[in-house]
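When the chains are written out, they are named A, B, C and D in that same order, and each has its own residue count from 1.
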């Protein structure tokens, strides 16, 4: 039940905008990448390095929360274009497993795309594994034009 | 209604352990500091710099989520000592205002300290301001000894 | 850090309106009561009977969620007056203890009262006990006038 | 990514147990029904009547939260059998649309089935409609045997 609103920007457009808008994401080396974007869906990739680990050698909660948050930002940006900055109003995440080795993927699906609020869910898993590492839902406020 | 379980570690002990356990938090310069710890409570400080900002110059959601998560980790560590690593099982955060200038504080209060689960809430605000920037609740699983 | 917006309606006004707007809450006998209302705060009381119990004789999760939701509705109604119907957009609840005998109280505090969104937190506990039974946060959308 | 743990009880077994364990759900006339159960999945049906409505004639938030909570309880009961009572530890719900006419369905999917914690998500929608009415995630604690 993905809300398939049409896209205004391509995956490449959004990637370039993201580097420009969020130079912080590039600091210490780029680690969040947009794999693909479809109407109402996107997949992002976290190429985890030392900065994203926590004790035990697993990817940290904040790194996974950032993956969820950025993937939602990406699908909203791709849908609305660079007119307004969506603001996260709430985020809920359940952590279910420690990720195995490899990149971490965040598959973000739009559940509602309203005029004022967008609601998404994000499945987070290690590449080539089916077990969920984490699952997030998040709500974004769209400022009035 | 803070659950005032006695402390095993001092603020200084926990700060040292944190730097050792989470060297990632030091990368690019230390920015998360433990202000104080009391039974069932701690306050952490985020000295925000470029790395923690998002478009519009405000502190990013992931930086605030990390503040909430680390402050919970700190009070659990101070209460149980360095015997077991608590694991975040869920985190919920509401973002309410863009922080004004200055450091960001996270005041973490234990709502439940069970044998298996710890539940905390965290008030996040800019220093010298009363308005809440964000509010988080989070749940941690304590591994069996 | 309670947002103390002034009240338009008294506790008695709100109670009467609630009975009128939500006749469902009266069905099978009235069980949700408004104890008091102050700017940015209200306390509601659930006089639990058979209908609100779950296996083990404890008050059910849905009865506690209803207490949180109705208490938020009450403080918004008291603040804005009966002009518009606030709509719950999200609710998060942590259950921490099985309530002991006696009435269940829900103490609702406004964390943000914006033009479009209201965010509250609700402490839920058994009367005469200090231990938290549950803690909820919830977000409400205020329709444009 | 549904965790397909094998079932110990059939749909009919669970329905009978539910009526016995939760006689409260029958009060005023039965309104929550188990449509079907598969490994890691169940669908429940809320036949909404006056008791479940809120102002504006739409199904109330607490009725939808109860649907989510009971559907999770059902799949855990079907998977573990009637040995232990799972306890809800947290529930998060986003409300996205007012349901149209007809029964309300809750499609519950297991995301994690651990020894201590079970995590589910529940899609809630009106029958014959594809738009999501609400989406919940919830966590349950399994008592030690």
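The definition used in the following text is that contacts are C-beta pairs under 8 Å (C-beta built on N, C-alpha and C of every residue); 3 or more make two chains touch, one makes a residue touch a chain.
Keep in mind the model is a prediction, meaning the values are calculated, not measured.
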Q: Could you let me know which interface, B-D or A-D, is made of more C-beta pairs in contact?
A: A-D
Q. So which chain is farthest from chain D, going by the mean of the CA atoms in each chain?
A. B
Q: Find the geometric centre of each of chain C and chain D from their Cα atoms only, then give the gap between the two centres in Å, rounded to an integer.
A: 23
**Q.** Rounded Å distance between chain A and chain D, as computed from the means of their C-alpha atoms
**A.** 28
Q: Could you give the separation in Å between the centres of chain B and chain D, each centre being the mean of its C-alpha atoms?
A: 34
Q | Shared-contact residues (touching 2 or more other chains) in chain B | A | 89-90, 92, 94, 139
Q: Mind listing the chain D positions that touch chain C in their complex?
A: 21-22, 24, 27-28, 50-56, 60-62, 65-66, 69, 85, 87-95
Q: Mind listing the chain D positions that touch chain A in their complex?
A: 1, 92, 94, 96-97, 111-112, 119, 121, 123, 125, 130-132, 135, 137, 139
Q | chain A-touching residues of chain C, taken from the complex the two chains share | A | 89-90, 92, 116-117, 139, 141
